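By letter and in written order, the chains are A, B and C; residue numbering begins at 1 in each of them.
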Amino acid sequence: MSETKPSVELKKVVKRFAGVPAVRELDLVIPQGEFFSLLGPSGCGKSTTLRLIGGLERPDSGEILIDGEVVNDVPPYRRSSNIVFQNYALFPHLTIADNVAFGLRLRSRRTPAAEVEPRVEEVLELVHLEGFGKRYPDELSGGQQQRVALARALVLNPRVLLLDEPLGALDRKLRKDMQIELRRLQAELGITFLYVTHDQEEAMSMSDRVAVMRDGRFEQVAPPEEIFQKPKTRFTADFMGASNILSGKVRAADPDQSDGHSKDRLSIDLDSGITITSEKKDGVGPGDRVEFSVRPDDIYLRPPGDDLDTDNRFEGSITEKVYLGDVTEFDIDLGGGISLVCRSESREAQRLDLRKNQAVLVGWDAEDCNLLDG
Amino acid sequence: MTRKSPKFLTAFCVALFLFMYGPLFILMLYSFNVSEYGVDWQGFTLQWYKEILANANVQNALKASLLVAIPCVVISTLIGTLTAFAIYRNQFLGRGLLQGILYIPLLMPDLVMGVTLLLLFTSIGLSLGIMTILFAHIAFSIPLATLVIIGRMARIDRRLEEAAMDLGADELTTMWKVTLPLLMPGILASALLVFPWSFNDFVITYFVSGVGSSTLPLRVYSMIRVGVSPTVNALGTLIVIVPLVIVIIGILLEKRRV
Amino acid sequence: MSTLRERALGYFRGHPAARTWTLLSPTVLWLFLFTLIPIALTIYYSFLTRGAWGVTIHEFSFDSYRELADPLFLEIFLRTLKLSVLTVVICLAGGYALAYWIAMYGGKHKNLLLFLVILPFWTSPLVRVYSWMIILSDHGLVNSFLSGVEMIDRPLPLLHTETTVLMGLVYAYIPFMILPLYASLDRLDRSLLEAASDLGATATERFLKITVPMTKGGMLAGSILVFAPTIGEFIIPELLGGSKAMMIGKFIEMKFLGLRHWPLGSAYSLLLLTIVLALLYVYMRAGGGKAAFQEGR
């Protein structure tokens, strides 16, 4: 069995701009055919990373490999990667067809003239822009321009496609359609996609794996479900919307047998006096100070007096209620300086008639306590 | 909100335009006047034009002016483009200083430029003539061309070049297929500025041309010193109108291309 | 596998300094030969003296600079400064009005009007000045008209006064004032004026307190663009002023070419150059140059 080389590899890559590090000692392995996203706030280094892989920047130290070969000294026009730019970067003085054919027509590629047109047609069909060949970029809408940029890169059959926040300028509905489209394309073509975005929903809906970046480093690299449900650091938790972050001291690690099979649980005493029951985590023992996150959507709300069968159950009051359409967000005060954000489906919230300044029952399960790394 | 302009302002501005253009119209008018002296209108004629165009001195002067202006445009546009690339796209030691020195000819009074260059040419024993005029004109035109082209460069999106390189074009191919086409309006603009400047330059040329050579402006000057006359009117009109027409055609062509 | 082209490109990619200086070499050469060295030579010459029949004696001397204190020279120098300053002031007043008119009320015709302002740049300054001679000479339009209606017996010597020279200077240089003013007015954020109006300012107040202060940059640029060439002007005073309104430009030309007094001519020229460079320095310090010289990444 032959060993397939990883599509993209970064080994201790560092990049500085005017002395300020943008990318600090990154290590990364992306296998062939993966849809991989770089997610993070602006300035975290995700675009720089993409540009390093594409060849538009040279690393100050470390190695970048594409298909197993070190490409540090390979200029962008010799790399088998292609970029879809954020602002599309379509050549205004060329037609759509000429834009797409640009890479094909370069002498270095030695594409026979007869082959160019059919390939251009083929890729325009792929992105649903048949017949647009003779128009100019400024005659097209943002979404259409975006697809031309995609076509222009794909027609060259790159080994890796690098997408730098390509959907940023599109409206919400169009963006969602394009996300589905991109995912479908990637699955169909089997090319490795490296996708840069600051929108966590976008990253999660399309990717096989996501890397959350901050200040030039990876905070966590994992499949979307893992990042979403088990964020490892406070930053990641906060970025992914797990905005309830609490800290306390571990009391004991007793087996809990309340539902018939043993689970390992931890009791954590919050500074305010409340005790939380959480799932156990390796390496955490009695006496340790820990931080943990709870997702707003994992918290249940009931009117006082109702049944609530969760591991953690407290009384609190609703300090704020915000209707957001699908969901309604509640700010809950648990006393002792603890406040939580909770999201419920609006229909449910209406049925339970939860109102501002009301007392409420708040609860969540032990598995939904996500212990964060120190 | 384009409100209507206050009447006095409009009147003033119209008067100002009349002030700026009036004399030229009068010049053109009197170039067709039969009367040789004085300003009474005595009839329409083209004789002065015929006379001046047949004048051998004038013809030679025209040749000389073109012999300087055309190479000047070509060379300064070429070098100006290179310089614009060097300055705009790179950070390097001495960049600010270079720009400072580069733009000195544009700000120096013509006179001073003429004097300094005359001293240079005579000190090294170079005989004054078409070549010295050309050298002087290029010295002024390079900064002018650079300035105009840099202005255009500022509006080219770098991402377009990055995209071209990403798609497989090396630096030279990118320059040829993407950067230069996008830079064309600036290059044309600089040619359209350098040509009339060089063709019409008087002061610098006056200092650095020798006894024998004479460009059109110099010839006009020696005719003017004698006094007002219809032949001068005719020549003056031609000097104003012809380059203007060329420049306007150039601009219209440029608008069509873009 | 790599061709000469690839190797060359690779080299230049890795050595940005080499790339830059290769591109700059023709310009640097030209600047050096035809701007710096001539200026250096002029400085050198200014410290020499003139012998009989215009031969320059290569001995160090301050003579030329002492001549700067000569009363005749000072008279001409001060007149030149006076005329230049007046030119700037008049151009500022008239130019501001026109720039304002085009920027605020031009609407669809803005580009056409601007084009009309720029047009003179493409025409021969010599011919433009000459056309005033047709109007103002002893047998010119004005005099013919006035004697025709018998208001005067003899022609008015219109062509030989300072006023005429001043008018000629304004005529020639007002476009230099209008363009930077227009640029500055065009960039003015209209919403500022709307806010001022909303807060109670009248049209005059809006103009004086907002428009004018915010166009200072344009006014400064335009003033320098007019003043610098004006002090060295010599065609206009020659053709429109004659001996009664001599300016430095003509004076230098006389000394240099006429009398072959190169040291003196050099010294005067350097004086002019220094004034212009000093103005440029002031302008740069006032932050004027920043917009013009934006660098790339």
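We adopt the following convention: contacts are C-beta pairs under 8 Å (C-beta built on N, C-alpha and C of every residue); 3 or more make two chains touch, one makes a residue touch a chain.
Keep in mind that this is a model prediction, so the values were computed, not measured.
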Trace the shortest sequence of touching chains from chain B to chain C and report its length in steps.
-> 1
Farthest-lying chain, centroid of Cα atoms versus that of chain B = A
Chain pair with the most contact pairs?
-> B-C
Quick one: chain B and chain C, Cα centre-to-centre, how many Å?
-> 16
In angstrom, rounded to a whole number, how far apart do the mean CA points of chain A and chain C lie?
-> 59
Where the CA atoms of chain A average out and where those of chain B average out, how many Å apart are those spots?
-> 58
Residues of chain B touching 2+ other chains?
-> 170
For chain A, residues contacting two or more additional chains | 75
Expected list for chain C, residues touching two or more other chains, is 9, 13
Write out the stretch or stretches of chain C touching chain B in their complex.
-> 5-6, 9, 12-13, 16-17, 19-21, 23-24, 26-28, 30-31, 33-39, 41-42, 45, 94, 97-98, 100-102, 104-107, 116-117, 119-128, 130-135, 137, 139-141, 144, 171, 174-175, 190, 228-229, 231-235, 239, 249, 252-253, 256-257, 262, 265-266, 269-270, 272-273, 276-277, 280, 293-297
So, in the complex, the side of chain B touching chain C is made of residues 1-5, 9-10, 12-13, 16-17, 19-21, 23-24, 26-27, 30, 37-40, 79, 82-83, 85-92, 95, 98-99, 101-102, 104-105, 107-113, 115-120, 123, 135-136, 138-139, 142, 146, 153-154, 158, 170-172, 193, 196, 199-200, 202-203, 207, 217, 220-221, 224, 227-228, 232-233, 236, 239-240, 243-244, 247
Using the touch definition up top, name the residues of chain A that touch chain B in the complex.
-> 54-56, 75-78, 81-83, 85, 87, 89-93, 102-103, 106-109, 152-153, 156
Residues on chain B engaged by chain A in the complex (per definition of touch) | 157, 159-160, 162-170, 173, 177-178, 181-182
